[in-house]
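First the structure, in the form of structure tokens, and then the observations on it.
Here the chain labels run A, B, C and D in written order, and each chain numbers its own residues starting at 1.
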């Protein structure tokens, strides 16, 4: 008999479900109508006073058995869904999201195709001289690398550390890259650097410390060049996607870059969050890069991390290479020399056919 | 005219709100009835298949304008509220929560009242000898300390570190405490230690590494003695409260203890999460202790952390004191000597009237 | 006999200790001499090639019993100590450190003394209108608050959230503060905002997201006004102190501000790191502020956190107050209304005599 | 002339380096001799009093230019190096380390070779019935899986959640595995479970919550069976290796298992720390497993994480498979059904030749 009773009770629950559905639909239609009137008058869709009044009225009328808190929670959800209807595509469908564009974003810079087969981005941490750049670019180009990196301005934790060679570095980098049939990427830290870099550099890099420097994001989107945006060391995936959304009004040639997050583990400089690769590629149509050098902060695991990144679906890999790392002016411990880079290429060759170890 | 239209549309929304409310109430009543039938048959309240069927039916019938995802989300909220009605007190109203008992839990151990005016818990990290304990207890008792701590078994990260003096320590600690008019607290690591400690020790301590060792929690609750439960170094407040819920079937004389969480900051051993004090005291009726020694891992900030803990409402403070910390067999850097302890007492005196620096 | 042998061996160890000491001293004197020659020629003290050569020579000559790795480690320590001698005050003695200035930094802005008795900084999260500011300032001034806060530009995670009223907010804030006998503080996000804020605002605020925006730090130090520098949500104490070191070339009127760090705990917006107060005050001579509103992200624990901060030695407390928080354009959940603020003042009154609840 | 002077000064520094080296060697030889005397008398190598006396004497005699703090630091390093000589293999060369055994540990359980070609460990989160186990094992065996997992006792955060089927589960699991030509692994939570599991299960699993439950580690090592040891959700690599060191006295058939660490990121249940794979394999000779199900907490990224783990060098992969995940009694959201498992196998096939999708 119990089963029968439960079945009967359930049938009535089903009925009520349907009635709730119809009422929600009717409510949704009304709210959408209100939204259209508001939009025609440029009124704000979100009206907290009105929400407060509705909640108060509902709680006052609450017959039970749900608690007032539960009723508030349920109707707040209903209000939120209704607000979404009003604000429509604006908020819910970020332009960087898969919901907004189903196909992968693939773009061309010169003869380099970003977002398709995996690419290597390599070069020294800091630009130190034209000779250093030229030697590095010559070696990298001979190994099939197409994107040359190098820092002109370096964001340094201490004001007394080497701060970079300055704006001239952008020119050196751009000229060196062209000379070797490569394209160039370099970090920019403010609007002046954006202006100085733009004529010489093919991709502007926004560093992890500046991911939430929204003024810099705005300056970068003004010039309309491709941007590689690094995830802050304590930024969530959502925050990274929202930072990219700041850029997309100016360009959709955006690369998201995972470079490790800050955790309690002391044996690595950062913890490479490998889940970022499939999650960002699933949530967004933008290509994803993994910077293995900054994630690891040590050389011995670079190839393993690069293999993991490629296997997980990364579109680009960034790695630091220097002619003589032990004399480098920054990050000496994590840069590969040419021999180590060749070994690195051999270690990842089965997963990255575009690069060769010569 | 617009305002009039909006007002009219809003009046219809209000009407629908009321109809939704009535339907939800009716649905709630039905679900509660189903719950009672199920309980009488010992069936599980949560039935994922049934939920899946309802959702599928609703999505199939969805007339818009809400997306299917929104409909699923709204009804999942409604199902969750209904499930809460069914499971009732069991899940939602944890016995450790304020919802289950409004007044602070205050209990007596001998002539010590726990949960009212703030108390100090002090003593060496490890028990090393009866002489060491006696000297420490004599000093502490003369300063008004009522609870003597000391580790008989030490959970050590390395198997080659000093592992504690063993079960005999419990007897030494208990006898010493009684001789000086104090009560004793010591850590237990398994059911055997619980049995060995129970005759001698007044409060069983569960360490941070063992907060989620549910078998140990069960063993401790069997003996019915007061328990001090330390928060794991990466445990959430909710997990701590649920671990305490494991204990409460055996005793409600439980002390929750914050001792720092693991973060990226290297200048402290752990990060003392001071918000734990007001949040745990708000969410639960149980008294809250702060272990400043393990949180800090350094002596120079102990008094400041202790002051913060007392000001935030902690019921107990735990601090390590050793006759000669530089010769201690564990945690040499964070234990106070007698002179430092007196200074510590002076530094916190205005916030902790029960203890004096002599 | 054993004891005798050990004593004899130890005597010889003591002798060698003394010889090592003398050699280290002689080496130190030489290195200092080299440093002086280098400084006169503007050569860099640190010479990694030279270090590498010395290490290689030592390892080649290593007679045992120490391993080559141990010899490298010991001499790297010796090199580091020697380098410290050369670089002298520059690197080791940061100008923000206690080593550089023993006394607390105390400074005057109008009739407000920063760095002595604790002060409250209060006001709305975002500036919304002159009326909102005036009502808030009137209430706060009547409670003894001397520093009025309010955001003109808001750094928002989403490009679609309210971004602040803009530059006009700085003028409104400054004028309102003066009208009520207060001083004004507001956040700046780039060099343009620094220029816009400087004429109106008494303290420039650098937000947590911009702590490592070194270009902004440089722009702020140019104007020479007092700066409140917030700790990044995943920044170490050391990184905060180094960011402050960027500022100190322009002004020593710097306030360090703890506002919570990002951890795994979901029940608070951030984890207030209370240890920051004694540690920053010990390591630096600069005053320390605690922003309880952003740390907590909820109202119910604000007073407890404020009490903890004061008890731990904070020089300033920052708290968000809004005439009608439920209608606020940002951070609605964490701002206090006037009645709640009065209660907050009563709750902290015993630890903060300068502010009164009227 | 400067260069000449510097060269001369440097020559003298080189000379002193050599003298320091000789003195250190002589000191090392003496300390080793003391250590041998002590060992013959079972005295402790580490003698903090003696160290304190030496440091005091050195500081008293310090002629400059190094500060007393620097002298203390340098000699503490020298003492530490000397102590390492005395304690020798004991502390520095953990038996789980590569230093102790250069070759990878490879072992045989039945016809399964662990530590060579990558293996899959699969099965339901919780054992629910013999039928459930049999269906799962039949499917997995047909896909080439050799190791069947399933939880008999489940460590659950809430005392009111399903706690597992109990000891009978071990027998069901073992019998099912044998019937399908597989071996069995299941978690043990205390010494009683170890005893109950040992006759039926081929590999004992220590869960993440119990990694630092040293009593359980001791109980597990007593039985001498292979153990899979999961990393705690906030444990460092070093702590994991030290926990394994607790086991190795009983068995060297140990598998280290990375299963994600707790971070601030809310879109995954845990953050899979992929660097753990190369670092643990480099630091230890033991095989490394990656539990992708617990790391991810969601199905959509399991294959990407599994590919990353294999590419980084993992020896085993653990993944949860259930005949009907939506009806599972625990972890419903992260378990794969049979079709999803086949797809998973296809997705990783190029990196894991031993398993097939049929």
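Basically, contacts are C-beta pairs under 8 Å (C-beta built on N, C-alpha and C of every residue); 3 or more make two chains touch, one makes a residue touch a chain.
Just so it is clear, the structure is predicted and the values come from calculations on it, not from any experiment.
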Exercise. Between chain B and chain C, which partner chains are common?
Worked result: A, D
Exercise. Which chain lies the greatest distance away from chain A when centres are computed from Cα atoms alone?
Worked result: B
Exercise. Where the CA atoms of chain A average out and where those of chain D average out, how many Å apart are those spots?
Worked result: 32
For this session: State, to the nearest whole Å, the distance from the C-alpha centre of chain A to the C-alpha centre of chain B.
Result: 37
Exercise. Can you give the whole-Å distance between the Cα centres of chain A and chain C?
Worked result: 28
Exercise. On chain D, where are the residues touching two or more other chains?
Worked result: 234, 238, 262-264, 266
Seminar exercise, completed: The residues of chain D that touch chain A in their complex are 234, 236-238, 261, 263-268, 271-275, 277-279, 282, 295-296, 300-301, 304-305, 307-313, 351
Problem set entry | Parts of chain B lying in touch with chain D, wherever the complex brings them together | 48-49, 52, 90-91, 155-160, 189-192, 209-210, 212-216, 232-234, 238-239, 242-243, 245-246, 249, 262, 326-327, 332
For this session: Could you please specify the touching residues of chain B with respect to chain A in the complex?
Result: 2, 5-6, 9-10, 12-14, 16-34, 37-38, 40-41, 50, 54, 57-58, 61-66, 70-71, 73-75, 77-78, 81, 84-85, 262-264, 266
